[in-house]
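The two complexes that follow have chain A in common; it is paired with chain B in the first and with chain C in the second.
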Partner chain A sequence: MTSAIAPLVQLGRPDRTPKKMVSLTIDGHGLEVPEGTTILGACASLDIEIPTLCYLETLRPVNVCRLCVVEVEGARVLAPACSRLVEPDMTVHTASPRVRHSRKLVLELLASSVDLSTTAGMTELLESYDCRPERYGPPAPPAANRDAAIPGHHAAPDPAFAATVAQPVKIDNELYVRDYTKCVLCYKCVEACGPDHQNTFAIAVAGRGFDARISTELAVPLPDSACVYCGNCIAVCPTGALMAKDEHDLRAAGSWDPSSQQVTDTICPYCGVGCTLTLHVQDGDIVKATSPLENSITLGNLCVKGRFGWRFVQNRSAPRA
Partner chain B sequence: MDPRRTSSAQWADVWLGLRVGSDIALSNAMAREIIHAGLAHEAFIGNSTTGFEEYKASVEMYTLEYAEPITGIPADVIREAAHAFATAERAMVCWTLGITEHHNAVDNVLSLINLCLLTGHVGRWGSGCNPLRGQNNVQGGGDMGAIPNKLAGFQDIEQDPAARERFEKVWNTKIQPTYGKNLTQMLHAMHQGEMTSLFVIGENPAQSDADAHHVVKALTGLDHLVVQEIFLTKTAELAHVVLPSTASWCESDGTVTNSERRVQRCRKAMEPPEGARDELWILSELARRMGYDWKTPTAEEVWDEVRVVAPDFAGGMSYKRLEELGGIQWPCPDESHPGTQFLHSRLWETPVGGRPAPFSVVVNEPPTEERTPEFPFLLTTGRRLESYNTGVQSGGYDSPLHFGEALDISPEDALRLGIAEGDIVRITSRRGSVLAPAHIDRALRENLVFMTLHFPDEVKTNVLTIDVSDPKSGTAEFKACAVRVERASVGAMNAELV
Partner chain C sequence: MDLKLLDAEPTLEEREAVDAAIGAPTSAWDGGERGTHRDAHTALGGASVRNRRHELVPALQSLQARVGWISEGGLGYVCERLGVPPADAWGVATFYALLATTPRPRRVLHVCSDIACARKAHGVELALEASVGPPISGAPSGDSIILGDDEAAWMHSPCLGMCDMAPAALLTVAGETPVERLCGNITPDRASGLLARRRVRSTSADILYVEQRLATTTPYATVPDSSASAPIPQLGDPSLVLLKRVGVVDPTSLESYRAAGGFEALQRALEMGAEAVVAEVSASKLVGRGGAAFPTGRKWEAVRTQPAQPHYLVCNADESEPGTFKDRLLMTHDPFAIVESMTIASFAAGCSRAYLYVRAEYPLAYERIANAIARCRDAGVFPSGFDIELRRGAGAYICGEETALFESIEGKRGEPRSKPPFPVNSGLFGKPTVVNNVETLANVIPILLMGGTEYAKIGTAGSTGTRLFCLSGAVRKPGVYEVPCGTSLRSLLELAEVREMSALLLGGAAGNFLRPDEIDVELSMEGARAANATLGSGVVLAFDEQTDLHHVVRRIAGFFRDESCGQCVPCRVGTVRQEESLHRLAHGRPIGGVAGELALLEEVGVAMRDASICGLGQTAYAAVESAIKRLRLYEGMA
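What follows is the complex of A and B.
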């Protein structure tokens, strides 16, 4: 063999050599995980459940929800498990009183200010942390226009009421609605729209402090924004603040019924990428299309055609172009 | 590299906004620069390729200075692209119809293959040539032999007697060792009266093919036209018999192959509308009435037959394994084979495994129609993100991105012709004339206009396009025809729609 031609095994494949193992203790259990694992990942290998809102395995952690905090012995402050990497001989407590107290505060403040009614698993979570968001008072009336809030200009809050992020639902197109009354500012939509997946950058966080909100540029309606309607923000939204209009309308009509939906994986009928489409069929009609997070082709992402372009199969009677 | 500054181009570090139809001038100039800069992968060329000397001589005339006026790209930008491509650890060339919808489509592709051979960017992880497929199963159609010269698994009908024999044994019939006709040749044969019957499955040639008047004339002249469809398309309206079928991607089971050769399972997720039949049932029923009993096989049974007649290609791809592995990339000859992530790694064996890869001598040829004083614009056609082909599917949903058809024109040309955004213009080629609203688009250069075929009921773009095609691939030159653009009135557009 001549030296100039690389042997087959070295034809540029990424390095997949095994990583160094790190020993640590979590809740009294000793374990070894590969270097570079997060505490959250290490907990998963012990089947220790850590609540999260802003974490998703397909997005880079942004550490904003503070729900996944754990106590690391020797550290001054609690650490977000979703992004803190394991270190040799680390000792971690995931359910210490300090951890539970901190999570409870986060949950109560969120529940007092945000509509969490469509956040999966939230009812159980609030119960398990003995949360009483009502102790902050009845919800304040919705702000007239949160999009117009100017940094530094606040009316003093009325201590008799719990401030909320409530505002009218934004319905400005036929594909999806934005109900920011349900937004916990987890940044997932911003990440998915931006550098982590779609690179469209149609939305970002505007405003400061309690005025912070997800917004298009200059708060323009979606059709006037850079949005390409991939709906990848819907796919990552943990609270239902972003929702396909079909689902929103069915919920409003009281006929959204996930328990009766048949869920089938097939392949998108459009281009040659071959995205897996998970079709949610209710009463014989497709009511939603998603893609599995773990799918190697999509990582849960689709484009406008895959996520919304399936309606043609449901109305065959009219002649077509 | 794109004549239009597309949204992808806006993300690029460098955008090479080449003139329509100057692809080979660009590739050959890059090749010459790579060779002269000493960046060619000589060990790979020596071990794994043939025809390099002839190729080298053929690109010698394509200096950067020669290519600049042809391509419209500054010489130093071509140089930069050539050096970046040649020196990258991994590089791939991805293309779509901008390369293949030309009268010299195959030569365009060969010129890109040449670049990959020259630099060794082939047969390695993260490198190579990637024609990106525009339909979810256009690859699978070829895989299954729905092309005139190959049987399933790309086994040649004329040149592979062993393959023919394998099929003959399983199918219990004689396979004629002659190539069939491609679409362009079929249309020609219909016009000549040599082809009198046609069975169309899930395609809308009356609106999708170049020179639409010509195509509709061919279809209406047939003795018998059968269209198997999920809608009453414009093509189906011309048919003597329409066979309503299921939407195969969600109302029946089967497989499709994506752009990376990954065979994946389609699954039945819902019941079809009343009267629509599974496509396998329709074909089996047709066979039965012609005297063959196929017993209406399931999709899996048909697939298992593919595995028998094309064992090197799909032998290892059982439905069970396709489920377990989430799809498998062909070739996959046996059930212990993991599938093939990239092709042509044999080229890196020393000595080369199998036939060395040939360089091809290709010369730059401009589009068939060039701009003239009578037709001073070049029209190039393409797609938009939210729409799909003739709109049969994508017309079914309400997208804020649907703006209808328009003629995209550069601000400079619009200013010169006194055209404002939304003005109705008449676009005329040597074959026909259509009206459309104008959209002023900074993504376009002067003298180039752009349209799609997504809204053929409003604007029959393919009335304009030219029915010249690549003799080797049969692909029509959708990407270039000469047109003139004139201001018209809204009344004219309304009158034409009526």
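What follows is the complex of A and C.
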């Protein structure tokens, strides 16, 4: 999307070129890190935890969620830790009142407009920043068709409600569902589908402002789009807006139970690439297939077969003659 | 790239429109006829097609101008021609307000409903509602809508930059010869007439002001503007520096411009050499007039010394700040000066190519600049190897943000980039780029003619030169005024013969409200800062006693909600929450009482200012905050 600030990390291919060291101060601790490190990376070396939502180490940072903002002394506004590179003698504060205020507001603004119920770690995060999303008013009922919004125009706000992105779930194929009521617009799926991984470009951000949304061309159903069902968008979605249909159905039935799932790494049997496949098994059934993010071959990606083509394993009906 | 293209076929009209913008296809590889021997044995796709991505917006604009909206067939053809994935192109098309992605009548009147026009346009809106129905505000319902050629529609528009001639409207008529007319001083009768294609005869008493562009294909045909009065109130004032040619020199004639001393500064620059030009501009202490006030000389020097090539210059003429119309005036009445300034700046910073990005709402300014560029090119005014390309916006305030503007030229959604890297290091197409506002560039000619140190004597020590201010609202003589930096706001208002006023907006929607007793502020960077205000884009909009300031504040909040690009959370959701809060106050149902609601506004505002990516979100609370704290607008509310 934008010119990258930090280079896309090539996992498994460590950069061994010698780097100049940069010294800086984070929360009072002095440290030295190689030139080209992000503030987030520098914080990690101090075990300072910075919350992120749109950041993923296998994607180019788009720095849009603004959850990772930190205060850089001398700067007029806060800086996104995920993409801002360290500079010599930089002094960074990661937990100042200004930082905590903006993070709290970002979380509240999201929680008051988006369904974050399936976002991992969100409950704890909202609690730790003392968020009260209900203070913006009762959430507005689902809109019939957010895809029809036109840029630069919006209806006058209803004083009774706080606007939300709530809308009907999009179920238009057998493999995955798109529940954009849960979409925080982190751009990860667009990046994974597009230039960072898959190069399929089936989805993009459409519309503008609060009406911005992830969309196929003309908002057509996925089967009519360029989608190849690799599911790599599901793999990077932080909120569960994109979900395999199996998981979605199990959740709807109330029987999705990650704590009881057995997780096993194996090698995908389909082709000679030999991607590492992580099978998630619940009650003897494979309920999900993923690939480790840190795997140097897949970077968490799979193809349609690896991601969805294991149903034959469970087909217990008698083989046909 | 292996693209899955759309199934729908373009109509002949759509094909022609796209071909007119980006040329006819040369092979089956980019959407042409299949089957030639050459096509079967050569791969012509790939990078050579993808490098044309920057032609995406012009292609979509051409479809819009010809057909009135972008259909599936039209979009598909553009994607095929330029190798752009349909979803990607859809994302771009749905970003810009002047591109329609659902069926829309060919004849559309965009009625300004922004701060300066709102109250005056009310009668016009009522009349249109009675004659043609409610405005377009979303996609038409129903699956297939067939539009007759006679159909017309109207819609609300953000500020059209005609605040001195409120109320304003922009008429767009799609067709083989598309028409764009920017009209000021419109009346209910005339607005209905414009839409109904009823000819309304001009009379001598007629104060309608029209700026019109006839067709995209005739860059030399210019239509004289029909303004009866002088373009500027200060016409004939010998102290004018930036406006001295406005209304005096024929804006369509290169000879007239040359006779008035035109191109002397360029000649001098070429003799001095790039380094000396930058030194003069640095000595003048000129700072950017677009709002950020960055020293121009330092910007040029930073690009001049960049090893990466090529360097670009971008003239930001996407003037869209509500209440601002100075760049329109300069481009319409002194276009050759803008072209000359751009040439000088490009020479100084070593830019081989310059872009001028003008907002789509200024048809005559576009026409005049296009004419000036063409004539300069023909007359050999440009140094060898240098050229200027003219680009039009497509209805997005955010594209006035410099990096969003780059994205837009590159054929993408106008989403601002994270800075650093700054444009001087990595700007347009990732190359070192000088980006200057129209007014900033206009200063370059007087600087070179009088010398940097001499220029620096104008104004104050901290703010040199003169500045343009856009006066509108409760003043008897609205218009663009030029005064030396440091002039008091009071004397500027007296110049424009201000009437009784209840408040004043300084700097635009991203600026601040001032009380009538605060007008002794000095109009300089340091003076504004001392008064905790900003000069912004030079907006001075006075409100009379009858203006409902609450409505104005809500309109500003609605403007930011409409114009936010939607990229970052604080701005995307914050602008919505801000507007909701103001509406709850208006409806007398604040959450947690008025004090609670104001505290909530402050919390959201601070987060928008601190955590947004760009200036839009960072200033989206400024005017609202000043209405609360300076005007004390919500004090005494139950």
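Just so it is clear, the second predicted complex is superposed on the first by the 302 of 321 C-alpha atoms of A that agree within 3 Å, B and C clash if a C-alpha of one lies under 4 Å from a C-alpha of the other, contacts with A are read in each partner's own complex, and residues count from 1 in each chain.
By our rule, a residue touches a chain if its C-beta (ideal position, glycine included) is under 8 Å from a C-beta of that chain, and two chains touch if they have at least 3 such contacts.
Everything quoted here is computed from the prediction, not taken from an experiment.
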Chain B versus chain C as contact partner of A:V273, first or second or both or neither: first
Partner chain(s) touched by A:Y229 [first = chain B, second = chain C, both, neither]: first
Which superposed partner A:L46 touches (first chain B, second chain C, both, neither): neither
Partner chain(s) touched by A:Q262 [first = chain B, second = chain C, both, neither]: first
Which of chain B and chain C A:A75 touches, first, second, both or neither: neither
Which superposed partner A:N199 touches (first chain B, second chain C, both, neither): both
Which superposed partner A:A252 touches (first chain B, second chain C, both, neither): neither
Common ground on chain A, meaning residues reached by chain C in one complex and by chain B in the other: 1-2, 5, 199
Contact set on chain A toward chain C in their complex: 1-3, 5, 63-67, 69, 77-78, 80, 83-85, 98, 101-102, 105-106, 109-110, 112-113, 135-137, 145, 148-157, 159-160, 162-163, 184-185, 194, 199, 201-212, 215-218, 225-226
Residues of chain A defined as touching chain B within the complex: 1-2, 4-8, 11-14, 173-175, 199, 222-223, 227-229, 262, 264-274, 276, 279, 281, 284-286, 295-297, 303-305, 308-316, 319-321
In the complex, chain C residues that touch chain A: 1, 3-4, 6, 72, 75, 85-91, 94-97, 100-102, 136-139, 155-156, 158, 395-396, 403, 407, 412-413, 415, 417-418, 420-421, 426, 430, 558, 561-570, 572-577, 579-580, 583-584, 586-587, 589, 591-592, 600, 603-604, 606-607, 609-613, 618
Residues of chain B touching chain A in the complex: 11, 42-44, 47-48, 89-90, 123-127, 132-136, 138-139, 207, 230-234, 237, 247, 249-251, 256-260, 262, 264-271, 273, 276, 326-327, 345, 348-350, 385-386, 388, 390-401, 455-457
